[in-house]
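Two complexes follow with chain A in common, the first pairing it with chain B and the second with chain C.
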Partner chain A sequence: MRGIININPEIRDAILESGGDDAIKCYSCGRCMAACPWNLIDDLDYTTYRFCQRIKLGAIVDSEAKEDIAADTDEVFRCIGCDSCRHECPRGVNLSDVLRAVRRILVDYDSYPAELKGVISRLYSSGNPLGESSAKRADWAKDLGIPHFDGTQEFVYFPCCLPAYDARLKLVAEATASLLTKAGISFGIIGEEEFCCGEAVRRVGAEKVFQSAVNNNTRVFQKFNVKNVITTSPHCFKTFQTDYPAFSDIQIMHVVQVLHQCLADGKLKPERPFKKKVVYHDPCTLGRQMGIYDQPRELLQSIPELNLVEVPVFNREFSVCCGAGAMGLWRDWPQDQRLVKIRTEQIFATGADVLCVACPYCLQMFEENFKSMNVDIEVMDISEILFSSLGQ
Partner chain B sequence: MAEIFALVEHRQGAVRDITYELLTCGRKLATAQNTKLTALVFASPADKIVESIQERADRIIVMEHGVFENFNAEIYQLALRDILEKEKPHVTLIGHTAFGYDLCPALGAEMGIPFATDCLDIEFTGSRLRVTRSVYDGKLDAHVLLKEHTSYLVTLRSGCFTPEEVSLATEVVKQESPVTEQPEYRKFVDYIEAAVGEVDITKADIIVSVGRGIKEQANLPVMEEFATAIGGVLSCSRPVVDAGWLPKDRQVGSSGKTVKPKLYIALGISGAFQHIVGMKGADTIIAVNKDPNAPIFNEADYGIVEDLFKVVPVLKEKILDAKKLKG
Partner chain C sequence: MDIIACIKRVPQTAEADVKIDSSGKDIVKDRLQFDMNESDTYALEEAILLKEKFSGSLTVISVGTFDAEDTLRIALAKGADNAIRIKAEDFGELDGYKTAQLLKAVIKDLKHDAIFTGCIATDDYYSQVGVTLAELLGMPHASLVTKIEIDGNTVHAYRELEGGLLEHLAMSLPALFTIQTGINEPRYASLIAIRRAAKKEIKVIGKEEINAEDIVSFSSLEKLFTPPVGERAEILSGTLDEIGTRVQGIVKEKGLL
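Here is the complex of A and B:
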């Protein structure tokens, strides 16, 4: 088809100014499309390499027809920010950042997926995506005797919203806190005054809501003079490091780093055998984005009789996203178009008894999907496995 | 003292519920202002509609003409302006419905009178009208003072006033319609009824919701029967929709619908947080699940750890017994 595109400099400039300037680097080689997990789904063509070209022409979400805008919006919000494309890109284009810039504009015009609106407004009004009361944020720790952080402890443990409230994921926060206690780490929690880190809302373009999260957490962390933070979620871990300017002098650690150090120092001694075949799933944010691949594996290998296996090919930097990033957790794609289904098939093929994850999003996505697909594999967080292997 | 007016909303010959709420609100205002309440009926035929609101207003002004058979904002705007200019009421109340927000803004702009939409409550403070409006996604109520004027136009959110039965001596006054023809550019075409069998789960007082715990599609009729028997409707969690057992419009949760029934019975639903956010506003939650650790029990007011197929028949019997005793 021949056609003439009129360059729309207003749209182009707005996107570039909103943080999409990486688009200029792209020369449309198409490697990103080959790397994008969406294209592992049959009959789905997610033509990622076209985004940057269209942005340079200002020809993205530029139609005035409702159907065209809806179709474009759908595509813009499909990306879950796993960064597989960035890893492959010869020019280092950060496509998820480019799309975030487009989303910022769409969110300002209220053109974004309906199922995200409730999540964003709950986060804005209550400080967590579930709309739970902040007064209950420390409830998970009630029976564990964990102190409120008052500056006398070395670390703040930041469990992330989901482990703080969800009945299943609370077990992860409990296991982590118990491990830290056993290892003699001095830590407290902030609880009621914590706010969601906002990583996911930022990725979908709700920048103002993200900034309110930044302001809130910055104020609280400064009030308590926090110097060291341990997070359960790789998403909090990453965003505190990269997107919170005021946190530049705070040391942010993911829990696997801390546990790995405890193991090396002899503060944790896994003694009880874990006689199961375990496959480790690299969360995109912990692996590809933060480069942590070996520490979780070494932690698992330190457990007696644990048989660690890998997903062939699609492991470490080639790990396939569970689909939960950038609020994918709250999206509802048709069943045959879900990334978690692809990843489940890969995991099932390993014959593992247990899937080990190191991210609350991954845990919830897999656990729910395994039930749906009748897959009999237990999903455990690395802290849960490690805790079960400690001697009494 | 200038009167309070309320515009009667009707569809297919029947008065809409919002009308009774408008009349209750109007009577509250009229009593406080020591004035009278007038209902405006634009209809054809008008008899049945006038009869339905008889005794709820001091006066009913009726314009009966074929053009009013079905709602058309253009015609209503002309008729209403005609009456408002003649009668000069203090406040005119209109429902904040598709009907009201089609009509009201244009009328307010045309007449140049203060106008507030989607109000939860209305009162006078001195000579100025003060309305209550919901802001920040319902988190806060804002009081808004309208600038002082002889006449105000307000649309009222439905469900904010409970209709009250009153017996006023109603005077019925007939007036000629100033409009006698539908404009060419905007005509009533047709009513399209929602397809039969479609259920709006967000409107139900009692919801029976099923999850993957019901095991197979063959078990759905039993659940449906249970829901119907206790006066409820059937909804579900995502896996049931994924399996194709129920349509998407029955799905409760963040990517389905948010429901706030009086009673929510969760059968075989483990309670992923995406489901919980869609139903935690229910007044009473009963959960049945074999797994004592299912997160749904954290939200439930009553929990039963048992095979749902054993529980449902007993629960059905007990609820029916209780209903019999009550009614």
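Here is the complex of A and C:
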């Protein structure tokens, strides 16, 4: 229990100035706390409804005692930006943006979780969170005969960093590119000159690093006069649309939108049966944040003999985050405080053979966790399932 | 107790793609993040803990260019009372010896019961500044310290030696300690302290105050280069699977398992 607090208008103003002005709308109703997935974890109280009040009073991360500062800072960096709270908030408060404003100040003063430092530094120096060489960014496409985008193709396919480098996720990029080719979509890739979209780095408050990503991608997209982009990751999809001012006249599409259109136009015909029970996990960014719920389900339902099931209650806008957002993929939370475990239990209870995702972060998070929890469910990206159902 | 902590701003190179620049004497830094040198963050924390226990003042000093003031401000936000930047741009190429002389020129006129530095800087890995500074000031010192306890006028400093041995030194103050990473848990800054630090004045000392002619280098940097592949080294290339299979083969061939 904290004692009587001192109001600090200077802290309040600094947070509002760095983008936290949504805090003003909050009236502490507490609906966000009920919606926040962290509170599904036993013995964890993430008192989200207090953040905005404390910000308005300038009474956040304001103690001078080391332990209190550490506890407060951990709270500020716990939010993974799933937007469950925003969906429930009667005042439409964007809590993750409010917390991002606090983070921006702390990050500038080297006061953020140590495990994020390496990722941010890798992203800044090599253009991807894995620290891989940009010269290898197009290697996944080497044997697929995909052209470098030169303006003669209609679309740029932007695979996201994980599918460009990670051995497992490369299969997703390959399946997607193969589907697009089969559907007769004209596309190329940018490869070496691409930079991470920077969505996650922005969420943790490393704004300067994010701006360097924006500058790099803007320069490259303008150089090639890109007009249409297809992304595999909902995170690139959203960030390019909302956080890249120079992209306002570029059409950004998530791959499920493109594939759904191809299905409607008869350019893709899933013929081969997929005789499995499949549960679809709505990624926070594609679902709650971008409102795409039906297209992935309709794509799956178009596949013969695929038995699509839902996680009861916690589906669509009530989907529970896998925990990978806002660099959660790289966080070291204790084993008993991991959102992915909660979601895994919900998915396991459906009795599904396959978990279908439409986000590279979700795929990596679930696959790693299924292994460590010995859960015998296969994790597949929607493009992989669809590709396996195409006739010859 | 009056305490001094010496800190350095360094590029984060551990996980970065490091390239040598066209001068051949430096690395390309425009895509690198800069931070307080890692062991300096522990030295600073040790100094703050001591100040909290015995009260007194903590001054942080950095030899660096203008950007080093960001790092000094971080130290102010975490608990230092005063900050001094020695203008690196006034003194040309620096080696550890020259840096130590610059620090000595400033510290000799400041009250100090204890001085803390990191044990090594992750940019040049010289590991010279702390110990040279102690010698220049004629102070007792302990390097690579992993634990400090103060009992009256005696400081007990523990150092890690090879083979899991610990060395215990009993010293009197004033003394200098070069601090090993892991000795404590460096703190975060609070927003109150960040606001305070943002407004604090950083004292800047340059060639007007320190006579550059008296400060000389011991070594100079000729050239930076990546080590040539030795005759007995073999660089494996290919996919992860191919490399793994090859490593397995080599281990078997050499009878290592």
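Here is the rule we go by: the second predicted complex is superposed on the first by the 389 of 392 C-alpha atoms of A that agree within 3 Å, B and C clash if a C-alpha of one lies under 4 Å from a C-alpha of the other, contacts with A are read in each partner's own complex, and residues count from 1 in each chain.
The rule we apply is simple: a contact is a pair of C-beta atoms (placed from the backbone, for glycine too) under 8 Å apart; a residue touches a chain by one contact, two chains touch by 3 or more.
All values derive from a computational prediction rather than experimental measurement.
Both complexes share chain A, so when I overlay them there, do chain B and chain C fit or clash?
After superposition on chain A, chain B vs chain C: clash.
Please indicate which partner A:E368 is in contact with in the superposed arrangement: first for chain B, second for chain C, both, or neither.
A:E368 contacts chain B only, not chain C.
May I ask you to decide whether A:A14 touches chain B, chain C, both, or neither, giving the answer as first, second, both or neither?
second
Who does A:D294 touch here: chain B (first), chain C (second), both, or neither?
Neither partner.
Which holds for A:I60: it touches chain B only (first), chain C only (second), both, or neither?
A:I60: touches chain C, not chain B.
Based on the superposed arrangement, let me know which partner A:G131 touches: chain B (first), chain C (second), both, or neither?
In the superposed model, A:G131 contacts both chain B and chain C.
Have a look at where A:Q335 lands relative to chain B and chain C in the superposition and call it first, second, both or neither.
Only chain B; A:Q335 stays clear of chain C.
Report the partner of chain A that touches more of its residues: chain B or chain C.
It is C that touches the greater number of chain A residues.
For A:L162 in the superposed arrangement: first (chain B), second (chain C), both or neither?
A:L162 contacts chain B only, not chain C.
Does chain B (first) or chain C (second) touch A:S121, or do both, or does neither?
Both partners, chain B and chain C.
Going by the overlay, flag which of 37-45, 73-81, 199-207 or 235-243 in chain C ends up clashing with chain B.
It is 235-243; the other listed stretches have no clashes.
Where on chain A do chain B and chain C both make contact?
Touching chain B in the first complex and chain C in the second, residues 118, 121-122, 125, 131, 167 of chain A appear in both lists.
Any idea which chain A residues touch chain B in the complex?
Per the touch definition, chain A meets chain B at residues 115, 118-119, 121-122, 125, 130-131, 162, 165-168, 329-332, 335, 364, 368, 371-372.
Quick check: in the complex, which residue numbers of chain B touch chain A?
The touching residues are 136-137, 139, 212, 238-239, 242, 254-256, 258, 270-274, 276-277, 293-295, 297-298.
List the residues on chain A that touch chain C in their complex, please.
Touch residues, chain A against chain C: 8, 10-11, 14-15, 58, 60-64, 66, 69-70, 72-73, 102, 105-106, 109-112, 117-118, 120-122, 124-126, 131, 133, 167, 209, 212.
Tell me, which parts of chain C touch chain A in their complex?
12, 14-17, 31-33, 35-36, 41, 73-74, 77, 187-195, 197, 239-240
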